[in-house]
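In the two complexes that follow, subunit A is the common piece, with subunit B as its partner first and subunit C second.
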Partner chain A sequence: MNALAARRRHPAAIFLLLLLGLILTGGAYAALAPKPAIAAEASAGQVKEGQELFKTNCATCHGANALGTNVGPNLAGVGAAAVDFQMGTGRMPMAEPGVQAPRGKEVQFSEEQIAAIGAFVASLAPGPAVPAEEYTTGAGGDPGKGGEIFRTNCSMCHNSAGAGGALTRGKYAPKLTGVEGKHIYEALLTGPQSMPVFNDDNISPESKNDLIAYLKAMEAEGNPGGMALGSLGPVPEGLVAWVFGLGVLVGAAYWLGQKGA
Partner chain B sequence: MSSDTDATPRGGSTAYGADDFAAEESSATAVRLDDGHHVVGDGALPAHFENPGLPPHVERMADTSEKAAKRAERQVAGLFTLSILGTILFLVAYFAFDTAHRSWVPGLGNVSTTNLLFGIGLGLALLGIGLGAVHWAKTLMPDAEVVEERHPLRSSDAAREDFVGIMRDGGEKAQLFRRPLIKATLGGALGLFSLPLLVQLVGSLGPLPKNHLSLTMWNGEPDGHGGYTPYDKRPRLVTDPEAMPIKAEHVTIGSVYHVLPEGLLTNEELGVEGLEHGQLEEKGKAVVLLLRLDPKDFKPTERGQKALSWGYQGIVAYSKICTHVGCPVGLYERTTHHLLCPCHQSTFDVTDDCHVIFGPAKRPLPQLKIDVDDEGYLIAAEPFHEAVGPSFWERG
Partner chain C sequence: MSTNAYDRPAEALRSGDKPVTAPPSAGAKKLGGVAGWVDDRLGPAKGVNYLMKKVFPDHWSFMLGEIAMYSMIVCLLTGVFLTFWFIPSAGHTTYDGSYVPLQGVGMSEAYASSLKISFDIKGGLLIRQMHHWAALMFIVALSAHMLRVFFTGAFRRPRELNWVIGCILSMLALVEGFAGYSLPDDLLSGTGLRAAEGFMQSAPIIGSYLAYMVFDGPFPGEAIIPRLYGVHVLLLPAILVGLFTAHIVMVAVQKHTQYPGPGRTNSNVVGFPVMPVYAAKAGGFFFIVFGFIAVLSALVQINAIWVYGPYDTSAVTAGAQPDWYMGFADGALRLLPGWLEFHAFGYTLSLNVAIGALMLIPIMYGIMAAYPFIEAWVTGDKREHHLLDRPRNQPTRTALGVAALTFYGVLMFAAANDIMAIKLHMSINDITYFFRTAAFVLPVIAFWATRRVCLSLQRADRNKVLHGRETGRIVRTADGQFFEAHEPLDPYTRWKLVGFEGQQPLELTSGVDAHGVAAPSNGKWRTRLSRFYFQDVVQPVTPAELEAAHHDGHATEHLEAGETTKALH
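And then the complex of A and B:
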């Protein structure tokens, strides 16, 4: 203690003290500051692998540095969640250019490969990470509240039964049946294609879980009324009523008016 | 059908020689109505058409053959039995299955068993009665053609004169013509009696709407009679349905918030009490869509820059009620910044102050001028400057 006290006026003491202070504040900030929810810390190797995969599979449209070209958007800042949604549902890589990437019949990459590309894209600029499983399965969610949120925020495009609907110029809102909860969460978070963003401040993770619970409950419930005609509303229902319903009535009237048996 | 061949041949089916045509051509000077058609006689219309009478009656199978009649009887009885079975199916299904019971049907998927069996049962029950009755009528009930002559409805002149005479006589005896005071007051009493009925009808149409359609809950606190008491402090924007106030920094670019004025919905977490009455009516006028665009995306036009200046750093708020017929305009395409109405496809360009670029709407969506309070929450700086929603009679 004496030795320390004797040297307290040493010219280097002030620098040492400053250094100590900085290390302490920095350390405390790193330990206490709210962290973005990154499920798994990406390793340098994963980013490298992702970059290689990106160059061979995605760079044609999104550019070698993922900064976008005329045919594909800039990916800086979209985050790993966007990559997981687009590739995990088979939308990317897109088979052909079009107004909208349709849902793929099969996912073309393994989960590890998608995670690697996600890590690479996330390394370009901070963006939403793949959500933790806690809120993506709908387990323990309140379907009633989820339904309220769905009808306010989602049903205008995705249809009140989640059957999807048309937008302008060939674009459309896809149906929500048969979609993994994780992908629903990611779509809300990143706003793929024409869809607006519903971040965690707008619809909280708990509410997103309720929403997923509602969609899953609707799917499990089935349709007690019989043929739903795609749940698309008045157009197919009207078509069936006019063509088949009136057809049968016209046939019956003809039979009634016919002479003889 | 055999009736066609049995029918007496009339005009059209009679054969005429080529001479008839030759004679016709030479005498004709102007184009006639029957030019190019099969000409009967000299081609002129006859003075009157003969009544062709009824076509000859055709006997049915069941009229001539007892075997066919028996078969028809069995068919009708079969259809009625089908109806009986349908009713029994309905009754059995009603008691046998719980309403929650589901069964899988090919082509329909998972359906409610009771709904399905009720439908089939009632369908068979009614269809069996209907088809059986018609088949019965067509095969076994008498089908001889009968003519019923139509007679004029007018009474004979003598009866009409008699009636007038009785009325006049009654008037005379009641001294109606001799005492005009009675006549006038009776007329007045009967005429005035229509007024209570009319006044009641018009009076029951309710109070005039005043300017309730022009104001919303963004103007002030509802006073319960359709009016609004101005706020002391401008109201915050809160989310629908969770009634949470919105911080400007949380509205990221590309976000859409469905927004209501604070105080409409209850938020237990924050201790905010919602409206007790008329919640839906207020919501129907006050719903707002909050969007954030990159400020660079707004058009450099006067409209686009006004929209940007009424917002906050690219956050803009617009009424969600379509100016066409009032559907909620909720379909926002993030990439094109177009807002679509689902009912009639009216399309509004958010970068150009929600100017209509397609569809039947005639006016842009009214913009709500927003700002931020000292805690960073979004507030409505001013109420709407015009009435929201579709046009109405007194719209200023």
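And then the complex of A and C:
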């Protein structure tokens, strides 16, 4: 009987065993748990600059302390990712009031300024950070798997071609073609406007990368059949058949009818 | 008669006989060669001769049905090509073809083979797109043909049965189309089948049994694709081609209708014979239609199944619409309010689904097929008609048609409410409320407006006949009077404007004829409907009226068409 076996009934053994188990589980979780993909840490100077920009450009609606007013929501806890998405796609600052902020024709601020405002908003309360490039370009992703995720989670609003779709009361899911991978990732992470949040527990960063790979692969494939008619399915197809198809063929019939024997 | 016929005395008895003439097909036999050989054995020369000499009137609107016929032929030809590779099976497979975004994805063999046709068979995508575009054009053209027949009154006796056959053809074409676009088992068609299963379930009492019978168990099962395939490539094409042949034979037997015009009567057909004119025109038109569909398919993508992805019962896509011809039923579903679902005694009655999905199509086609008989009953007109109506000369029929078309259009556009919402930046709720109201209000407005427009056009025609064409030339007489010179119409133009029949509503009869013998009464309702049908009817200008107008010159200028009508009543 060796020393370890002799002390197995020692009163402290059970606690030691528990401790060991906890350390192992905790260590394994820390090593294997899905890690949020974070691009960069913010500096104190950036936060200060962001606050200044915020006061002059965003405070009218979101309040001086970003805690919201009756025309703009509270931004504590939305994180830098939300700021990067909303401002990086030109949705914010909003050009005019409406049911939903449309994608802007041009981005109003430089990348540094957006990052600064993001740092300020992130300093208010913890929230999702701007994702690292590793998972946002679709590089190395599996488009097939991404397509399955897309059809299960996204196509009911965004349309299977990513052409966009209608929601209630004038709101809509925008089209996904021509959107940067980073912004797709951030939208998933923060759930802007009517969109639900798909956090990293729900769809892992790798799966998000697959999803972006699918959207990029679809864009790369183009439309092998010819003009896509806005990728809106049978409605524009029927319109073409009635207006263009019947128009041309009736024109041909008329021409034949005018021709004598 | 030969001169040596009197060798035997008895021959003299037959001296008055006419010599035996050659049989009528002798001319064809003289063709010799293959045609003569075939005629000797099967004798088609007479029939072919009859067909080749058949006269058809010439008008572009008579060729709408031809567009449908040629589109159907394109569908049949391209469809055969597709059957060479399509696998009608729900069996599971993993895609390894050349379309990158779907590589490694699990899917049905039906979907995988449709992708193979699209990407890995030479010319496959073009043929697939031709098949689909030709199907859309088939139903577009047959609908346009149907409208032409309706608005010109070509469905009247003796052609009521052919109208009914046309209605059945049209309805079966919808089913055929639905079966076809459900076959590839992509996300859109799977969504359509799921909806169809819901429609079946909404049938009172038998709903769930019906759905289980069609799908051979719970949705989706493995039976529906092979079953639809059999229906789509075998059963319905056979019925369609059979009915279509009957349709064409009836046109040949009953002769084609023609528009009224000088020299055209109810008992002749003015036009060109099939050979050589129509054989060339129709043959050429076939190639125009075929070529146009090929060009359209080469340039414009249709039903991009690879974009939709394989069907999966957990997935759905925004913008899920059926092909346009099923749009009106989809639109009805979108407009029906949810409170039409009732629960009683543990049963659910889903009228919110059943009205649009199960009842609409049979009711609509039922009314359409019955219309010729209803109209004949209301007008009391049971005579044969081979001359077409100008739509304005039948204001109530034209207005009823436009009202029905408006109702159909509202439902069809309602099926695109989500597309309108995103493209026009409007609220889908507001669009839906608008269409709900429009479905009831617009047909009434359309009826009233169309009837007024028709009556006004008829009165304008009367004016033109009585007073001639306004030349815009102002003439000053010697005593200082001014008037605008009117130029009388030439007889050909005038014929078009006066060459229709005057109409009178049915009178309520007493039930006995002039001799006091019992005769069936028209009945109160029939008389009322007839009065409604012929309300404000405008009569054609009679020769006497024309004579009077020409003699009296300006004296009749004040006589308005409306007053004339009243005077005639």
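What to note about this one:
In this text, the second predicted complex is superposed on the first by the 210 of 261 C-alpha atoms of A that agree within 3 Å, B and C clash if a C-alpha of one lies under 4 Å from a C-alpha of the other, contacts with A are read in each partner's own complex, and residues count from 1 in each chain.
In the analysis below, a residue touches a chain if its C-beta (ideal position, glycine included) is under 8 Å from a C-beta of that chain, and two chains touch if they have at least 3 such contacts.
Note that the structure is predicted; figures quoted are calculated from it, not measured.
Partners subunit B and subunit C clash in the overlay (superposition on subunit A). In the superposed model, A:Gly225 lies in contact with both subunit B and subunit C.
Using the contact criterion defined above for the overlaid structures, shared-chain residue A:Asn199 touches subunit B, although it does not reach subunit C. Of the two partner chains, subunit B and subunit C are each touched by A:Lys259. In the superposition on chain A, contact of A:Gly238 is made with subunit C only, not with subunit B.
When both complexes are overlaid on chain A, the residue A:Gly178 reaches neither subunit B nor subunit C. When both complexes are overlaid on chain A, the residue A:Thr152 reaches subunit B and subunit C alike. With both structures placed on the common chain, the touch criterion links A:Pro97 to neither subunit B nor subunit C.
Among subunit B and subunit C, the chain that touches a larger number of residues in subunit A is C.
After overlaying the two complexes on the shared chain, residue contacts for A:Thr168 are found with subunit B and with subunit C alike. Once the two structures sit on top of each other via chain A, subunit C runs into subunit B at 130-138, and not at any other stretch of 130-138, 148-156, 256-264 or 292-300. Overlap of the subunit B and subunit C interfaces on subunit A comprises residues 148, 152, 156-157, 165, 167-168, 173, 223-228, 256, 259, 261. Every residue of subunit A that touches subunit C in the complex is listed here, in rising order: 99, 142-145, 147-148, 150-152, 155-161, 163-170, 172-173, 214, 217-218, 220-221, 223-229, 231-242, 244-246, 248-250, 252-254, 256-257, 259, 261. Subunit C makes touch with subunit A in their complex at residues 58-61, 63-64, 66-67, 95, 99-105, 118-119, 125, 129, 133, 136-137, 140-141, 144, 187-188, 272, 277, 281, 284-285, 288-289, 292, 296-304, 306-309, 312, 314-325, 327, 415-419, 421-422, 425-430.
Taken in their complex, subunit A has these residues touching subunit B: 148-149, 152-153, 156-157, 165, 167-168, 171, 173, 191, 193-199, 201-202, 204, 207, 222-228, 255-256, 259-261.
Residues of subunit B that touch subunit A in their complex: 1, 3, 58, 60-62, 72, 102, 105, 107-112, 115-116, 119, 134-135, 138-139, 239-242, 246-247, 250-258, 291, 328, 330-336, 338, 340, 342, 347.
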